[in-house]
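These are the structures in question, set out in turn.
Both complexes shown next keep subunit A, but they swap its partner, so subunit B is in the first and subunit C is in the second.
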Partner chain A sequence: MFHRFVAATALAGIVTALLLVAPTAAQTRKWTVPRTADGQPDLQGFWNNTTYITLERPKGVTTEFYTREEALQMMKRAADEEAEQTEPGTIADVHYDFTQFGLDKSQSPLALNLRTSLIVDPPDGKLPPLTDEGRRRAAARAEARKRMGALTDAVQNQSLMVRCILMDRNGPPMLAGAYNNNYQILQTAGTVMILVEMLHDPRIIPLGARPQLPQQVRQLEGSSRGRWEGDTLVIETANFTDKTAFQGSSENMRLTERFTRTSEDTITYRFTVDDPATWTRPWSAEVLWKKAIGPLFEHACHEGNRGLYNTLAGARAEEKRAAEKTPK
Partner chain B sequence: MRTTFAVIAGVGLLLTTVPMQAHHAFSAEFDISKQLKLQGTLTKWEMINPHSWFHIDVKTPDGKVEPWLIEGGSPNQLIRLGVTKKTLAVGVEFLVEGYQARDGTNKAVGRNFVFADGRSLFLGGSAPAAGATEGK
Partner chain C sequence: MPGQLRPALVATIGLVTVLAVVSPAAGQARGYRAPRTADGKPNFNGVWQAITEAYWDVEAHAAAAGAVLELGASNAVPGGLGIIEGAIPYKPDALAKKKENYENRLTLDPEIKCYLPGVPRATYMPYPFQFIQTPTYIMMVHTYARAVRTIYMTDHKDAPADSWMGWSNGHWEGETLVVDTTGFLDTTWFDRAGNFHSDALHVVERFTATSPDHLLYEATIEDPNVFTRPWKISMPIYRRLEKNAQLMEFNCIPFVEDLIYGHLRK
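And now, the complex of A and B:
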């Protein structure tokens, strides 16, 4: 009952917001991009990029956009799934309740639009085919991962996310995860900072003609340089490492992100991935960022990461118990 | 609606939700075969990330008091929904259904948190401003 109530409450918000999707031409004309004191397009403030739209277009959907009715049904289905019952004694049930902590997507700001996939190019809304090199690398990575042993054998076997080093919200590209998809953008004359709430990670992007870092200097989040093209902030990023792989990308992926303020409460975020070592062609995706409630709150993930300790301690305790049971 | 919920919501009636993508695999931290129900009083709530922790004192049948640590969700969205450290008073009693840690210590994940009067801990979507946005 309670969760149905939660879902119903949230869905009421979704319906209201859907009615506001795609403002009329008259509304669009009235609005002009705000400027900072020094004349830059103003992207500053608090933003949230939570969405129910999947990166790739779902099977069976053939159009670029849903009708409003279809979009509502898609979100209702997803919200219902969030509120579905889990069976006690199943893996899915070993978890706290997202809705009790306000962490389900239906309780987050949603920047609604009618797209059927975040990928806008290729036009079929799917990732392009992998190159032979991309396929070989994926297989080699899986093999290398297997050689490392079980996830609980060593802390290094756990993902960067579990170790509080890097999360999907950090990117780049910056895509929402399950919750806390909050960002703050701050602009100065020569720099843009995008503070990511998760991991409390400030991404600092120099603007202007500064060259990228030398090729041999590699960083988890790459090396980013920004510039203005009209009202759009364009950020180019290179120099990734082999420790991250966005959808299977290589360390030589080149990423171009475009931030355009398209309404008072919306930034249109579009990114293009160019990685010929992985995909047969570049591909692009678009996500709306919705103005959100500030401030950002601390996310001292590493300091509070008892889950990692408990997981490894649990594995050691189980090994010990098993060894004690084995006859000598 | 809220009143109705308070009346009908016994622990057994509570629906539980499908976990979404989480920060880590909870089934690696907690033991699926060690389901438990604990009734305790709150001694401390750590509103920390990546997941919050509730410290509770549980009375055992022989009258002893056992401290337990219960893992819950990231507090950041709760803070946006108006929840503060003062929202939960030390000494408040609640019932936790969950799963014990694999290392066998007094730690558990809290699958459901329910107050003694049947109300659910935090009211999620019924809290003020849930899902809403505001200006700067």
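And now, the complex of A and C:
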């Protein structure tokens, strides 16, 4: 039960860290944002946005924040579930052992946060209701997906994530997945670059008054433009595709991301989704990014995607075997 | 005189600086001094692109028909003078493999499958790339396959793992950015003609600004498993001068899925 031991050890680390965080407001105020050589607030370095907090507030939770004890219980439960995933003999065990390779959340840099949901607005911590158009689109997408057949019928039936095209870490907005939620931020005079380790994805964000791409030019990750508002980096992104569909969004979703360095080892990342074709009102979420240790490694996902190939090839082989067994 | 430099020392520093600037590496345009970044280094930030027939073949070659019948002249190979002096010094077995690669390029060329392009090929593919330059890291971000190279300017170390784009340690020699890259896989090619290397590849590149809008690119390529001796390539790289020059998304995986997985469709 080595992995159980690892998870327990890591959790002890979390507990210790949690007792050390949550500085008082007075402490936070004393700290000043470092500057780059040309005077920009300095967001540079390696960061990790791993969190156990779910996008929407869990059922039965009614407060905006957990008490420290509740947060610890929630994290312990989640860490136990991660360890269980790799129980020998289970289906989950077919995947490599997350805890053994240090890929589980309890062993990631983890900014501690007592929030009960990443969504901070609406105040109930839930996605706003869908509009009629949003509901119709969701139904149409589900219907179209059904017509495509089983997951293993064709490569296009698999998710963008499985195909190494787009993951939740890439976004935008950039949200943690199960593991490897690593980022590197670099700043030059007119440009911010956020290297997302997953899919070796370089987001390049020009700063200043550059216009967005023409309306007809649509990209999976949209088109991003940045500016400074005080010490906050604000990135506006539009020109998404219909395939991006973040939480069911339309291609006309407009995204505003705000990066504020709130301590030496924390960036507060807040984003607002404005998509009147999908939701009855804009909504916002907040995630803490924790300082991490570099370097980022090359995630050659597509090049090494044997899993996808074998999934499809395995399904065809099984069909062939079944056909051979059927008496003629 | 604490806090002040003596005139003789100032003169000496000046002389050293002048010497550093005017004793260029072979091939460097004499006297051009690039604009500087905040930390005083030549500023390579911006969008660049190589314009060369080396996309097809790094060696000198005559025009030829393309490998896809239906694409006719639109996919034909234009003639080019090559970016190396003479021919690549292949070992005999390796030359045979190169010819085999060429014959089977439609199935073997990693570019066709949207695989990471490797080094130096990334530098002279027919797409723009961007330098993001900071004192500690210089990123080379390529349009093609979103390939990224991190050049470690201060934290030099041996490659911790082999990779498609290798592990790059860099330093400045006056006007020149020198990048030393090892830790490669044997999975990438040099061009569309099947020129190849092993995982022992070692590339040393030199980027030198020769005008506000040109870089001279030189690279020494070494791989004792494949070549009898090190060999060199060189070419200019041009700044993309459009006012709105920027890298566009080129996530090419969806473009090749039917090619790679199409035969596995139910």
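Here is the rule we go by: the second predicted complex is superposed on the first by the 315 of 328 C-alpha atoms of A that agree within 3 Å, B and C clash if a C-alpha of one lies under 4 Å from a C-alpha of the other, contacts with A are read in each partner's own complex, and residues count from 1 in each chain.
As a convention for this text, a residue touches a chain if its C-beta (ideal position, glycine included) is under 8 Å from a C-beta of that chain, and two chains touch if they have at least 3 such contacts.
Keep in mind it's a predicted model, so treat the numbers as computed, not measured.
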Classify the contacts of A:Ala313 with the two partner chains as first (subunit B alone), second (subunit C alone), both, or neither. both
Is A:Pro173 contacted by the first partner subunit B, the second partner subunit C, both or neither? neither
First (subunit B), second (subunit C), both or neither: which does A:Cys164 touch? both
Would you sort A:Gly134 into first (subunit B), second (subunit C), both or neither based on which partner it touches? neither
Subunit A residues touched by each partner, larger count belonging to subunit B or subunit C: B
Classify the contacts of A:Gln219 with the two partner chains as first (subunit B alone), second (subunit C alone), both, or neither. second
Considering only the touch criterion stated at the top, classify A:Pro202 as touching first (subunit B), second (subunit C), both, or neither. second
Classify the contacts of A:Ala154 with the two partner chains as first (subunit B alone), second (subunit C alone), both, or neither. second
So, does A:Pro41 touch the first partner subunit B, the second partner subunit C, both, or neither? neither
In the overlay, answer first, second, both or neither for which of subunit B and subunit C A:Ile293 touches. first
Return the residues of subunit A at which the contacts from subunit B and from subunit C coincide. 152, 164, 297-298, 300, 303, 308, 313, 315-316
What does subunit A use to touch subunit B in their complex? 1-7, 9-10, 13, 45-46, 48, 81-86, 88-110, 151-152, 158, 161-162, 164, 177-180, 182, 197, 265, 290-294, 297-301, 303-308, 310-311, 313-318
The subunit A residues in contact with subunit C across the complex are 36-38, 44, 149-150, 152-156, 163-166, 184, 186-191, 193, 195, 199-202, 204, 206, 210-211, 213, 217, 219-221, 295-298, 300, 302-303, 308-309, 312-313, 315-316, 319
With touch defined as at the start, can you tell me which subunit C residues reach subunit A in the complex? 37-39, 45, 114-116, 130, 132-134, 137, 139, 141, 146-148, 150, 152, 155, 160-161, 163-165, 187, 244, 246-249, 251, 253-254, 257-258, 260-262, 264-266
Which residues of subunit B touch subunit A once you look at their complex with the stated criterion? 1, 4-5, 8-9, 13-32, 35, 46, 48-53, 71-81, 98-99, 101-104, 107, 109-113, 120-122, 124-127, 129-136
